[in-house]
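Both of the next two complexes hold chain A, though its partner changes from chain B to chain C.
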Partner chain A sequence: MRQKKNLWWLPAIALFGFFPMWVSNPSYMAIAVLTLLYMACATSWNMFSGYSGYVALGSGVFYGVGAYTMALASTHWHMAPGAGMFWLVPLGGLAASAVALPIGWAALRVRRHTFVVITIATLFIFQNAAFNFSFTGGSAGIALPFIQWNASYYNVPFYYVALGILIFITVVSAVVRRSRFGLQLLAIRDDEDRALGLGVKVAAVKRAGFTMSAFTIGMAGAVYAMFLGQIYPQFAFDPFFDISIALMAFLGGLGTLTGPLLGALILEASQQYFTVSYPYLYLFLYGALFLIVIMFMPQGVVVFLRDRVTKKAEREKAAVASNEAAVAGVAS
Partner chain B sequence: MTTLLSAQNVSKSFGGVKALVDCSLDVEQGSITGLIGPNGSGKTTLFNVITGYVKPDAGTVTFEGNDITNARPNVVFERGIGRTFQLTRIFGRISVLENMLVATQRDESWLRGLTRSKSSKAEVASAMEWLDFVGIARLADLEAGALSYGQRKLLELAYVLVADPDVILLDEPAGGVNLTLINQVAEKIRTLNKSGKTFLIVEHNMEFVMNLCTWVSVMHQGTNLVSGEPAAVRSNPLVLDAYLGGGDDDEVVEAVNG
Partner chain C sequence: MNAIALLNAAKDGILTGSVYALMATGLTLIFGVMDIINVAQGILVILGAYLSYALSVHLGIDLFVGLLITIPTLFVVGVVIERVFMARLKGPEKTAMSILVTYAVSLLIEGTLNTVFSVNVVQLQASYVTRSFSIGGVHFGFIYVAGFVMAAVLLSALYFMLYRTRFGVSVRASLADQTSAALVGIDVRRVSTICFGIGVAVTAAGGMIYGSTNAFNASTSYDLISRLLTIIVLGGMGSLGGAMLAGVSMVFIGDVVGTVWSPVWSTMSYFVVLVVVLLVRPQGLFGKQSARVA
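Showing the complex of A and B:
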């Protein structure tokens, strides 16, 4: 097969890498941190749900488990407030994956709509648990060790850690997309029973994909908790988070590599910006953006643009061909 | 001749409907066995039981002397039984070549699948070879959903073949396909059979079955009514009675008699 050399990631990394040097406004930097976290989560979500077609709407569980892991571990171990707490981020990911194992084992026995409903239910089970268990601090939440960084500098470490996580998951998602494992996920999306009949171990592949996807979302949750410095059940286990990352992937292009990145970049950044700049209008603007995409690009922005480019190339090819035919006609 | 694949006394009910009743079928090594019978006689259910998609209520399925009753479809496939479906089932949103590659990995763990690329050079070469064999190699890069009905049938045959199964179960390979393509498919099956592949074929096209098959079994109301050489089966009064509803439909009788 022909492999196009895709180098879009080079300028993208440069742009994101230098961003904090151009933008010093802390409120914009805070938006940037959250945007990067959402981009990572949407990409991770897409790596399972986008590729396999199993739309999970309970990924807030993994985000929340990551957040609570960070909060509980840093307070119980009396960690010094500061950059050292970043070492707990992978632990948040591992905890999320550990939780994903039994959830996946149970939920992935059913298909499509039933799966969606079960994943939604798991989120509320976890949110309820966080409200009611004593070790989670109940509705009062948990205050993390207070990091006393200068306000103008505070966002920068979070920004680069979030960027690191984003690069990590983008590479993983690209590797999965090109691997045999990724092909099996796509086959499951198109016809699971047929894939089973061609020797694909669908149950193991689905569980592995689901658990892997939880890891990065858990890491992002851990960074989120540390970033805010205080977590509550309703914000750690947030139904809006589930819907957001799914919408981001849909908006950008479900099952594509760049789609969720673009979707999260557009949605999260615009949502945060609209909220701050147009507090009375932002829901209208947000809604209008959705309508435009759903009406004109139902398969997502990336697929829409890609089709435009290939169609243009085909038109040009056709034009050349008909020109040649005309010339040949004249010649004969 | 040795029996390669065998179903013994298989029964299966769906609610009150008895799809299979004490049904037995033997497929000889190297044969092209035809399975005919009216709609609803249990042919596809028997296929589903053999390939692990449906669990039988009673009875056993053996392959190469080993019991494979209740084995999962992926295990049955790994053992060397490939099948196609009556309504073709392909992976519509990946390319034709990728469709082929899904089938090339027998018995591989997910972790191994994660650490290797989609395909080795050898796998692509073998996939292209089989696509060429069925005549759709030029469509390899196309999204499979864009294929026509006939091309889908060919792709389905090709991706079953790429895994090199010992026995191939075809569910209506000639259904809804034009005459040229039917002859082409029959020719491919003969070629493969000569190279040692065993076939079990469900088909309504009598000409196709009678010309191609070396052995024919007739299903009726969930059980194997009669088995034999095509010529013997064709003239069996039981078959005429069961399959053709008393033989009062002249057109069909003619079709059977050729």
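Showing the complex of A and C:
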């Protein structure tokens, strides 16, 4: 029954696939590229934090490491500016995973609440390091090889690469959700001690999930660096990024597959809109929107809507049943 | 690098650290009693600083006298936040949700402050802010000493309240175990609301000192909150004594590192200390080895 219902992705892929053909305005396309990257990051974040209940607020580290990997590799290897640089995207993901290994080893030794705070601390360590090491260019940042694509066409390759990353992580996240590994992560969320008692190797599972989730965020960071053409420590290692992707997952529905996708779509698009339309008040509007959703739909939009639909179906079913009972009563 | 410079760094660490300890104590009190991580603490410090700023610039009220207005104001702000938002949080995801809700609250405040006060950095001014005296070659900035004295007084008052009053017994009982406290007849809801109010009220005092020793705007709060969170985790979340010791030692270590090596590494030293300590003691310096809670 579940398999039959889950065909939402077909029209979604079609819609996203043809989007650049309808919309040619470069500024809307730029928003679309960022939105896709955020959707991928939120899904990847959810694959670890949503499934396991370990809320990580330092994912900006992986985004930044991916971005710096792209910037450093492309400048040091004197790459020709252009589509060839996209080959470095998986390298950004690998670098992020490599960084996630020791962080996960240290940070996952502690309880959930402390884990949140340590992940925040790691972000500031990395941002500070990026400001102060000489190879990162300090506060001046790094300029990537300048890509001379036509302005009307510039965003399109990025759009499709971002879409590819998004599809990749959505499939991975769906596979993990249905796998034994995913069940182990969910068991950790529900009751870590009992999961341990039942033979789940909780430490190894958590570390593996954390490292896997870093990979896609690193790839997205690499695309982001290439898209901007210039990176600075405060953009690459951005505390707002951490909280944004967590919000997106919470807004849509933590631990669900479609939740982070929908949450990122709503939040990133509205944030871009608010930022442009209300440069001073946008934080206020963003915060208010966010509060309304948390207070009234604490389970997230997806779960809220799903409950609504199932409840309505149940009510109709109940109504039909009582009608039938009444009819039966009259007949007898 | 000489002995005097090191002595100066140590002195700055202790004087400034006490103010951080005060702000972090509010944060850890809220966490200990309610299992809520108040990420808005950073922006509330800035709100306190801006209130002092508005009072001194527009009404000409002295910074220290102004505290008589700003501390109760922020207490009320805290109570309102608790009643409107925090009281609704329940269930196993309470702590995680509290981070998000308080973050949203901090965005609301940040947006408002940006609109009202603009994003230009300001600093609190008063005749005594820049004044200093020296004892044996060590310079003491008046405002730093005043901050230290004020933090010491307020922390002592807090300690007196917690350990010498009936209300304090209720608070400590709620810190130890909320369910048991409720079972012996303590009104945990009321205790929570008042503790949230107190936890937020200390930011008015902290913000006044912070605002006169640093130039600030609303986005300075990110730096502040990351330091405050680091402090309470290092001290052990929910431990008041731990927050105080960690507050002083963090700034102390930061200042000494800044003097001995370079100021650019001083911020980073907090976080490195934190990671190292947690590898040895995952619950922090004085944290309870608590049961796994969802």
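By our rule, the second predicted complex is superposed on the first by the 323 of 332 C-alpha atoms of A that agree within 3 Å, B and C clash if a C-alpha of one lies under 4 Å from a C-alpha of the other, contacts with A are read in each partner's own complex, and residues count from 1 in each chain.
One rule holds for everything that comes next: a contact is a pair of C-beta atoms (placed from the backbone, for glycine too) under 8 Å apart; a residue touches a chain by one contact, two chains touch by 3 or more.
Fair warning: this is a prediction, and the values are worked out from it, not measured in the lab.
Look at chain A after the overlay: chain B and chain C fit there side by side. In the superposition on chain A, A:290 makes contact with chain C only, not with chain B. After overlaying the two complexes on the shared chain, residue contacts for A:205 are found with chain B alone; chain C is out of touch.
Using the contact criterion defined above for the overlaid structures, shared-chain residue A:225 touches neither chain B nor chain C, since it reaches no partner. By the document's definition of touching, of the two partners only chain B reaches A:182; chain C does not. Of the two partner chains placed by the overlay, only chain C lies in contact with A:129; chain B stays clear of it. Our angle of interest has its tip at the CA centre of chain A and reaches the CA centres of chain B and chain C; in the overlay it is 80°, to the nearest 10.
Counted by residues of chain A touched, the larger count belongs to C, out of chain B and chain C. In the superposition on chain A, A:282 makes contact with chain C only, not with chain B. In the superposed pair of complexes, A:193 makes contact with chain B and with chain C alike. Overlay on chain A (Cα): least separation between chain B and chain C is 10 Å. Contacts of chain A with chain B, set against its contacts with chain C after fitting on chain A, overlap at residues 189-191, 193.
Within the complex, the chain C residues that touch chain A are 31, 35, 37, 85, 88, 93, 95-97, 99-101, 103-108, 110-112, 114-115, 222, 226, 229-230, 232-233, 237, 264-265, 267-268, 270-272, 274-275, 278-279, 282-284, 290, 292-294. Contact residues of chain A toward chain C in the complex are 53, 55, 57, 106, 109-114, 116-118, 120-122, 124-125, 128-129, 131-132, 189-193, 239, 243, 246-247, 250, 254, 280-288, 290-291, 294-295, 298. Taken together, the chain B residues at the contact with chain A in this complex read 51-53, 72-74, 76-78, 83, 85, 89-95, 97-98, 101-103, 105-119, 124, 141, 159-160, 163. Across the complex, chain A meets chain B through its residues 1-2, 175-176, 178-184, 186-187, 189-191, 193-202, 204-205, 208, 255.
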